[in-house]
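The two complexes that follow have chain A in common; it is paired with chain B in the first and with chain C in the second.
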Partner chain A sequence: MAETVRPEKGLSPFRKVRNLLLGSLTAIAFVLAVTPLLAIIYVAYDRGKSALSLSFITSLPAGFPVGIEGGILNGIVGSLILVVIASLFSVPIGIWAGLYLWDQSHTRMAKTTRLFSDLLLGVPSVIWGVVGFYVFSTNTGYGFHWGFSGLAAGLTLGFIMVPIVTRVTEQALHDVPMSYIEGALALGASRFQMVRGLAIPAAITGIGTGILLGVLNVLGQTAPLVFTNYYNTGIPHSLVGSNGSVGDLAMQIFIYIHEPSKELHVKAMAAALVLTVIVLLLDMGIRLLAWGSRKYAQKNG
Partner chain B sequence: MDPASDTLVPKIVVKNFSAFYGSVQALHNVDFAICERKITAMIGPSGCGKSTFLRSLNRMNDFVPGFRVEGSVTLDGQELYAPSVNPVLIRQRVGMVFQKPNPFQMSIFENVAYGLRIQGVKSRSVLSDIVEKSLRAAALWDEVKDRLNGGAFSLSGGQQQRLCIARALAVEPEVILLDEPASALDPISTARIEELMQDLKDRYTIAIVTHNMQQAARVSDRTAFFLDGTLVEVNETTKIFTNPEDSRTEDYITGRFG
Partner chain C sequence: MEPETRVSRTGQLVNEEESMPVSSVPPRVLFQRPLKENPRLSRPEEPRPAEKSVLRDLRMSTHAKIQRSERLFQSMLLIGGTFVLALFATVLGVCLVEAWPSIHRFGFSFLWTSTWNPHRQIFGAWTYIVGTFWVTGIALGFAIPIAILSSLFLSDYSPKWLVGGVSTLMEMLAGIPSIVFGAFGIIFVVPLLRDHIEPFLANTLGTRWEFFNGDNMGYGILAAGLVVGIMVIPLVATVTRDSLIMVPRETVEAAYALGSTKAETVFFVKLPAVVPGIIGSVILGFGRAIGETMAVLLLIGNQASIPSSIQDVGYTISSLLANTFTYAVIDPLYSAAEIELGLILLLISLVVNTLGRELLMKLMGGRLAGSVGGG
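Now for the complex of A and B:
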């Protein structure tokens, strides 16, 4: 048994000062980390509170200029559609690529793939938007000719998301201790069984974080939407073609702030608060899901 | 001890075996046999290739990039490194326990059941029986029988290591390889593991790497001394520790180096 050590007693004055100093640095770091978030919530709330009500999130924009009356349902629904399309595309590809890079990490092919994936991480989103325009949206020349549409924008955003999910998935798998992996292999698990039953469950929190980072990125993008979707004040009936545009919260904020209308500025800040809350809820949701699946894995293998 | 304990039946036979990490040769032309139902200890200074050798016996080094072998290793006469051999099946026959206890982040029950589950065993009653049998064989049953659904990380280090042994026993291997299984444990846990090995040797062939010479002397029937990637000498443990043939072995066991 180790004897109990009381840290405060009998410390030299130098040690005491140092402890105090390190303690206050930690406190300062905490404040620095928390302040921006609180500031965002405060400013958005303060500026947008007069527009906030339940109908703000359940009704479509109305009045003239459009949005002066009604709410932001078009943006909420549109953002959701874009996130779903982008995730359906990028999550399977990103996880698969991350697994591949982890499994084959030393091969030349994997090193090249990793290099390209990391380069893609740095491509400015406006460029993705322009390329997305030529590939998905434009009605002339080559490409899919989908017009300004949810599908064109969703897939463009999906392409932005893939390298994020790939990167974080690979990192999360590398963080699984080697001893853990060897333990399974030494019991006669095939590589596939080890990956599915142990490595992925052990990395699931990290993979979830990767997906979350990707989704949050998608939620905040406006540049790619300018070229592939623009904006819709209503609910779309189709995801491609001339009526295929969707609404989007970030675009809505961007457009409202640019209108010379005080009311729309208030609505923009109220929408900003809604977007922030959605982001925070998503964050907590993913954490809960990861926590739950880890509990499940512990119980059921 | 039964009268048959003096006859040596080779279980794993290693011939002219060399191992390489890329261009670095870690083992040089090792000739060696691990005999059935005996405890074989491998001793030698750190970095002499004990782990490399042990991990070559169940093809655990397959996962190390750039690792390659020359020569022959046979298990009951079957060539381990033949292209037609499935290493997964080898690892089911030759189990391994590592230096640091490495239980899975699962319940105690599921840790022991893991090897069976991956073989496709689903029946709860079959699993329960084997889990109990394995935990008893690993001398852990009495300590955990009331909390089989508790997490494996709630156990002490020594208990975790016995859990890892139970986990290895559950798939009914023929050979158990232990790589310094007690080096991270306190003396009492170490003693329990050593006792356990004596219990297990009636049914299993055991090979243990240890850098603790007293441990090798206490637990093993045969001892092999490695130095710089070569096998210097292998013989009955009493012979190695009282009357070694090679002067380097004598230097090592008398503590003149290493």
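Now for the complex of A and C:
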């Protein structure tokens, strides 16, 4: 670095001290910012390590209070079910809406839609829970009357995912060079052919990143599940109706940590570690995907 | 072009090119078809079948089929956009409809009434609004200085090898679910506050100001605020660092050339230059903190009282909803009051998020990962 060699000889003591003091202040703040985040992972490992084993993630909870023995298989399976339902709902709609926002971005309608899509990004998860309850779970009034069930929770999580997928899809499509699109249209391709054959394949890594980002946001959501699908200590046979609740990792941590039992706290921390690792792996996947596509784009000009 | 053969008036086959050498006639004549009379014309003319022409087929399909299919495609896309609008309408509609009994009954006085009594059917939001703002305020007061200073460290002081790794790490840790933060709070932060920090606060500042005194329980607005602050730090730090990168190099070099030290450059030149970005990131952090549910629910103590000291317990809007909504559903007015609280939260966070996003969009040309409010 060229800027390290600077004449700082003639400085007054005040400025010297201030220089050092402010510099070390930033370093202290940096340590303060990073330590708690790493401490979360360390504490989860430290408190949960006595429960961690392979059987912890491959067995159902048992004992009384439920969960004191056994593992978190119900939570893992349930989270997977919820994420799959949410993705099945939100990915087609999100990509569809993203295509619309990209294709007709100049129209006033699209601008309005983009504004509302951005507004949806800022809706707190409690509100999503309330909405999901009244749309899917309630047994009175209008709505689907599915009770507390996996389908209701999955679709509520899908609601949360829609604006994320929409936004990222639109962004990824905007990154496709306009000359490609114009070339395809000039060669006589219809808009649908252009979208199917050119725009979506060119933006597919960006769209994939968006889907993973949505899954990442949805995976740890607890508040919507309190309203739409409480918890299940087993694996359900159906996803609708009074026996349709699924277990969920985040909900499981919430219930375990809410009890004053030492054993349950250990289980909760182990489950928290598992959830964190899953989330971090997913995040790494997103980054690898983005990095890989950047490399690919560089190699192919 | 192939020479055209035709039947002449005399019935003799004549090659036109032979009869009329191209070079001998003016070029304009070549384009005019010579007048001719078809010997068969004496018969009533039947319409000749349309000539096959690729070009005309294409033109016809452009005007009819392609146009139609393009329009169809366009309207299909519009349906996709309508889904998003419908989703927003559902959110707002459900909240408004379900909150209507309470809005109708209490009017605006709902906002500043602090009674919350389901048995006597009196509901007021003041306690929860105050609790929400306490937690958000503590969180931001803790997070913002740390986040800004650490982003300064990352952009200017830290060795190069550290920057990429730590920035990525921070962004990744920002994705940890809030329930994990809540569990961490119960396991680690609450005992720490109860045994060390709160007695310390009470013994030092608490002797002068009643505000820092309290029961040393660990649970309360301080614990909730600190944990939410930890969650907000990566968000604010990342956005601030992104705007710090965009400070023009000339500005920094000019500051050095004028003889300022490194700290003076960083704090008095770079930092003021990114104030709009910082405001945007703080607004986004506010939006994230205010909607935070599960971590707060686990840590705040869930007592409906207005906190008078930093060690008091309290209640926030989101934690009240998550905690008691399933009981409240039975009573229409009770649930309506809770949803009206949710509506207040929704409106605040919509305004705040839009504001922050627009501000940052203007500054950074539109690239911003979405952050979902709370969890």
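Definition applied: the second predicted complex is superposed on the first by the 236 of 301 C-alpha atoms of A that agree within 3 Å, B and C clash if a C-alpha of one lies under 4 Å from a C-alpha of the other, contacts with A are read in each partner's own complex, and residues count from 1 in each chain.
Keep this in mind: a contact is a pair of C-beta atoms (placed from the backbone, for glycine too) under 8 Å apart; a residue touches a chain by one contact, two chains touch by 3 or more.
This structure is a prediction, so every number in the text was calculated from the model and none was measured.
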item: First, second, both or neither for A:Arg294, with chain B first and chain C second; value: first
item: First, second, both or neither for A:Leu198, with chain B first and chain C second; value: first
item: First, second, both or neither for A:Glu182, with chain B first and chain C second; value: first
item: First, second, both or neither for A:Gly122, with chain B first and chain C second; value: second
item: Partner chain(s) touched by A:His258 [first = chain B, second = chain C, both, neither]; value: second
item: Residues of chain A touched, compared between chain B and chain C (which is higher); value: C
item: Chain B versus chain C as contact partner of A:Ser190, first or second or both or neither; value: both
item: Touched partner set for A:Ile207, first chain B, second chain C, both or neither; value: neither
item: Contacts on chain A seen with chain B and repeated with chain C across the two complexes; value: 190
item: Touching residues on chain A, where the partner in the complex is chain B; value: 106, 177, 179-180, 182-190, 193, 197-198, 201-202, 294, 297-301
item: Footprint of chain A on chain C - complex, ascending; value: 66, 69-70, 73-74, 77-81, 83-85, 87-88, 90-91, 94-95, 98, 145-150, 152-154, 156-158, 166, 168-173, 175-184, 186-188, 230, 233-234, 237, 256, 261-264, 266-267, 287, 290-291, 293-294, 298, 317-318, 321-322, 325-326, 329, 339, 342, 345-346, 349-350, 352-354, 357, 367, 369-375
item: Residues of chain A touching chain C in the complex; value: 3, 6, 8, 11, 15-16, 18-23, 25-30, 32-34, 36-40, 43-44, 47, 93, 96-101, 103-104, 109-110, 112-113, 115-131, 133-135, 138, 159-160, 162-164, 166-168, 171, 190-192, 195, 213, 216-217, 219-223, 226-227, 250, 253-254, 257-258, 265, 268-269, 272, 275-276, 279-280, 283-284, 287
item: Interface residues, chain B side, partner chain A - complex; value: 58, 60, 63, 65, 88-89, 91-92, 95-96, 98, 100, 102-107, 110, 113-115, 117-119, 149, 151, 164, 167-168, 171
